[in-house]
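Each of the next two complexes has chain A plus one more chain, namely chain B in the first and chain C in the second.
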Partner chain A sequence: MSSAVQFYIATDLVLFGVDLIACWALNLQLRTGVLNFAFIIFQAAGAYTAAILTLGPSSAHGNIQSYIGGMTLPFPLPWVAACACGAAIAVPLGLIVLPRLRGSYEALAFLVMSLIATQLAEALQGVANGPTGLALIPQPLAGVVHLSPLAYTWFYVGLTGAVCVGVYWFVARVTGSPLGRKLRAIHDNEAAAEALGKNVTWARLTVFVAGGALAALSGAVLVGFIGAWSPSSWRYPETFVLATAVIVGGWGNNLGVLIGTAAVPVGFFEITRFFPTFGPPGFIDAVQWMAIGLLILLFLWFRPDGILPEGRHRWRRGRPASAAAPGAPG
Partner chain B sequence: MSATPTPPVLAAHRLRMEFGGVVAVAEVSLDVVRGSAVGLIGPNGAGKSTVVGIIAGALRPSAGSVTFCGEPITGMRPYRVARRGLVRTFQLSSQFSRLTVMENLVAGAPGQRGETLRGALLGPRYWSAEERRVATRAEALLAEFGMEPAADQLAGSLSGGQRRLVELMRALMAEPRMLLLDEPVAGVHPTLVDVLEHHLRRLRDLGITMLVVEHELGVIERLCDRVVVMGQGRVIAEGTMAAVRGSQEVIDAYIGA
Partner chain C sequence: MQLVPEAIVFGLVSACVLAIATVGFSLQVGVTNVLNFAYGSTMTVCAFVAYLCNRAGVPIWLAVCVAGGFGAIFSLLLNRGVFRPFDRHGTGVHSAIYVSIGLGLILQYAVDGIWGPDFYVYRQDIGNPVHILGVVVTTTQLVIVGIALGALLATHLLLARTRLGTAMRATAANRQLARTCGIDTDAVADAAWMLSGVLCGVAGVVLAITIFAFTFELGDQFIIVIFAAAVLGGLGQPYGAMLGAVVIGVTSEVAAALIQPEFKEVVAFAILVAVLVIRPQGILGEFVGRRGMVR
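Entry: the complex of A and B
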């Protein structure tokens, strides 16, 4: 295989992994009925955190970009810090929205937060270099493993894959546990869950914070790979690409989400990036967005449970179904 | 009456509820003694469901207080009220539709260790023993209510009456000290009303305290020792069903005079 083709495949695998982490995280929230339309700002927060904690002080690059802080922490500390940052900003944002707002109001509030965050990031020049964003972000462990660019790309595929395995473990543990059942119950009927002694607000906040941490992790993995990050990378429609993946794949099913991720963000966006362009400028881009919109409509209309719907949680006598098959649709 | 009157399990004292300028509940006081079944009846719009909402913590009253087992619970969040053992059901059936019947029941069990994020991440080794205990209780309830064949069905696919049974069983899974039943037989096919009534009477005979809002007065008469009649946000009569039936005020309230 030529190295160009290998680059192409390896790059897509990394981007697939990043989207997969993000989609699993988003689905953790959507399955509980938390309509986090600000999802992408958590990915952004993670990316910025990881970037700033690997870039070092601005003076190290001749002060060509301005940002707050700046450290050179060894891997994997920037990724850990990214997770912590995602969780930390989820707490106040969650507390503003989750106790009181539901449904379209909740979605709208999050959407507005996403817009505000983009505006802030562009306006505050000194925080993360404003609209230009950060560049020259060092790649994790590049100075340790000393690989050729192609070999490093494959190395990064492995790194991303390892994170994906960890994140899958996390979401599978949650969805396959009594907690997962409680979250599904809350999504079904919040008042009834509350009347059974479940602290609904706390549960919603829990998935919001956990999902925020995982979203930030996806951002850290992404920025370590592409080496640059700016407000144009995380505008609010990006959340809908991920949400489409979840809906197409099947929001009740972790493996469905995997299929949806392969089909939507990777199939539509990442891979077509490498296609030769045709038509007037911006044509492919516009068609992609139209296709995304159409996909959501078609699936919500004809197959609302997605390609791989939620499995029935059958009970085996004396043995909970969820425990009998931990990896099973759940 | 016994010489030393037992303190009521539930006592609502001078509850008042205004929504904007509308007075839904003007003044309602009622007591429920341990082991008794009290009916709360009255015409539509009398404020019965509002009273249930206040007691269960879903609504914060404009004035008045609620005590449960001697402790104030006024305005307490619904999940806290439930954790104290006062478990309600809803006027509209509120099963978890996308969960199976068995899952509905198991989800009703309070304070499960696998329901926290930490517990979930620690894995089945940490929570499966408790899960089995809960499941055993759920299976016993399913058998008692004759619902075993439906265990693996999605609750959303059941008939109205079966949904009511699921809701009742789920409330029992929550280890209630008292049940607050908001129209338990509403919208249920007549043949299944008898089944539900049979189970409610069985629970009463087991000594479970309950406050029942219901329009089906026959059910109330056979189930409850005492009824409280509400009209236009007030208690207009109280006593046995036979006694309140003769009250002119009750007749007027029902026929809208």
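Entry: the complex of A and C
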């Protein structure tokens, strides 16, 4: 295989991994009925945190970009800090919205927050270099492993894959745990869950914070690979693309989400890249977005539970079957 | 400081545009309980319909009326062709949000596919400057304020004085009970979609006139401001929507003048977040609490 093709495949695999982490995180929230339309700002927060903690002080690069608190931390620490940052901003945002807002109000409030975040990031020039964003972000462990660019790309595929496995384990544990059953109950009938003594607000806040941390992790992995991050990378429609992947794959099933991610953000946008270009410039982009919209409508009409629906839950005496095989569909 | 009176006047003009759009959006959400993300795209479609008329020689203010009529028919078709079938199909309120997102993407990028990413400008007079209270405004801006006041007054009279308006308010308050009382709630929903479509079409063209040059992203850039004004006033509350539009419109322009233009909407949205903490149902929100939107 030529190295160009290898580069292409490896890059797609990394992007797939990043989207997969993000979709699992988003699904964790959606399956509890938390309509987090501000999801993308958590990915952004993680990306900025990881970037600033690997860039080092701004003076080290001749002050060509301005940001606050630059540091050069050894590899896993920027990613850990990104998770912490995602969780930390989820707490105040969650406390504003989750205890009292529901449905349409909740969706609109999150969407407005997403726009506030974008505008703040563009207006506050000194925090993360304003609308231009950050660039020249060093790749994690590049100074330690000493690989050729192609070998490093494959190394990064491995790194992303390891993170995905960890995130899958975590998400499967949560959905298979007593908390997961509580979340499913809240999604199906919130009033009933509350009447049975479940603390609905606490459960919703828990998944909101956990999802925020994972979203931030996906941002950290992404920024370590592409090396640049700006407000144009995380406009609010990006959340809709991830949500489409969840709808297509099946919101009740973590493996379904995997299929949806492979189908929508990766497969869809990558395959159409090979189509012969026709029409005026930007026409293909327009067709892609229209197809995303059509995909949402078709799936909600014909397969509202996605490609892989939620399996039937069988309960064993004492403990659920899913606890023995975490996350197994059924 | 000299900028502040001008900012307030300019803010009131943009609040008028915002008010037309927000009343249309909020009214339809109130009556039909469908959160319509495609509203912004519908505005864009109407603005381009007006553009076609305008290029064919129709004066711009007549094109506003044409866009309003088109908006009504288009919204009715969206309800009959998409939203109502999905509702009958058993799609829940949450999934209906995604239906409208999908529809919005299709409409917006259909406009993109047809007209491309270029900027479009109506054939119009820029208007003559008029001095009011020491502030310079154009006649175009005055006409826009007049259109807004007329549209809002007409909406008010419709809601307060006619049988249809009473039926709409009854359906918004409690759909089942309204149906039990013999109100044809499907017909009322159709009427709400059409009224919302008229306001949507007018708002789309008026917005395009105020910002002068517009693209296929016209409505998409404006929809979040509409959401903010609607939530601020209380979702589903037409009068709250007017109030929310004035608050958001004026504070954004004053903030732009006093702090810096980049903070334009940040300040207005920060007010929204503060209101959500103190009074989550919005300033005038009342009976929405019973429909599971707010606890």
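In the analysis below, the second predicted complex is superposed on the first by the 314 of 330 C-alpha atoms of A that agree within 3 Å, B and C clash if a C-alpha of one lies under 4 Å from a C-alpha of the other, contacts with A are read in each partner's own complex, and residues count from 1 in each chain.
To be clear about the criterion, a residue touches a chain if its C-beta (ideal position, glycine included) is under 8 Å from a C-beta of that chain, and two chains touch if they have at least 3 such contacts.
The model shown is predicted, which means the values in this text are computed figures rather than measured ones.
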item	value
Which of chain B and chain C A:282 touches, first, second, both or neither	second
Touching partner for A:107 - first (chain B), second (chain C), both, neither	second
Which superposed partner A:231 touches (first chain B, second chain C, both, neither)	neither
Partner chain in contact with A:301 - chain B first, chain C second, else both or neither	second
Chain B-facing residues of chain A, complex	170, 173-174, 176-182, 184-185, 187-189, 191-200, 206, 210, 252, 310, 312-315, 317-320, 323, 326
Footprint of chain C on chain A - complex, ascending	33, 35, 96-97, 99-105, 107-109, 111-113, 115-116, 119-120, 122-123, 236-237, 240, 243-244, 247, 279-283, 285-287, 289-290, 292-297, 300-301, 304
Residues of chain C that touch chain A when the two form their complex	29, 35, 82, 86, 89, 91, 93-95, 97-99, 101-106, 108-110, 112-113, 116-117, 224, 227-228, 230-231, 235, 260, 262-266, 269-270, 272-273, 276-277, 280-281, 288, 292-295
Touch list for chain B against partner chain A, complex	56, 58, 77-79, 82-83, 87-90, 94-100, 102-104, 106-108, 110-117, 119-121, 123-124, 127-128, 131-132, 135-136, 139, 151-152, 154, 167, 170-171, 173-174
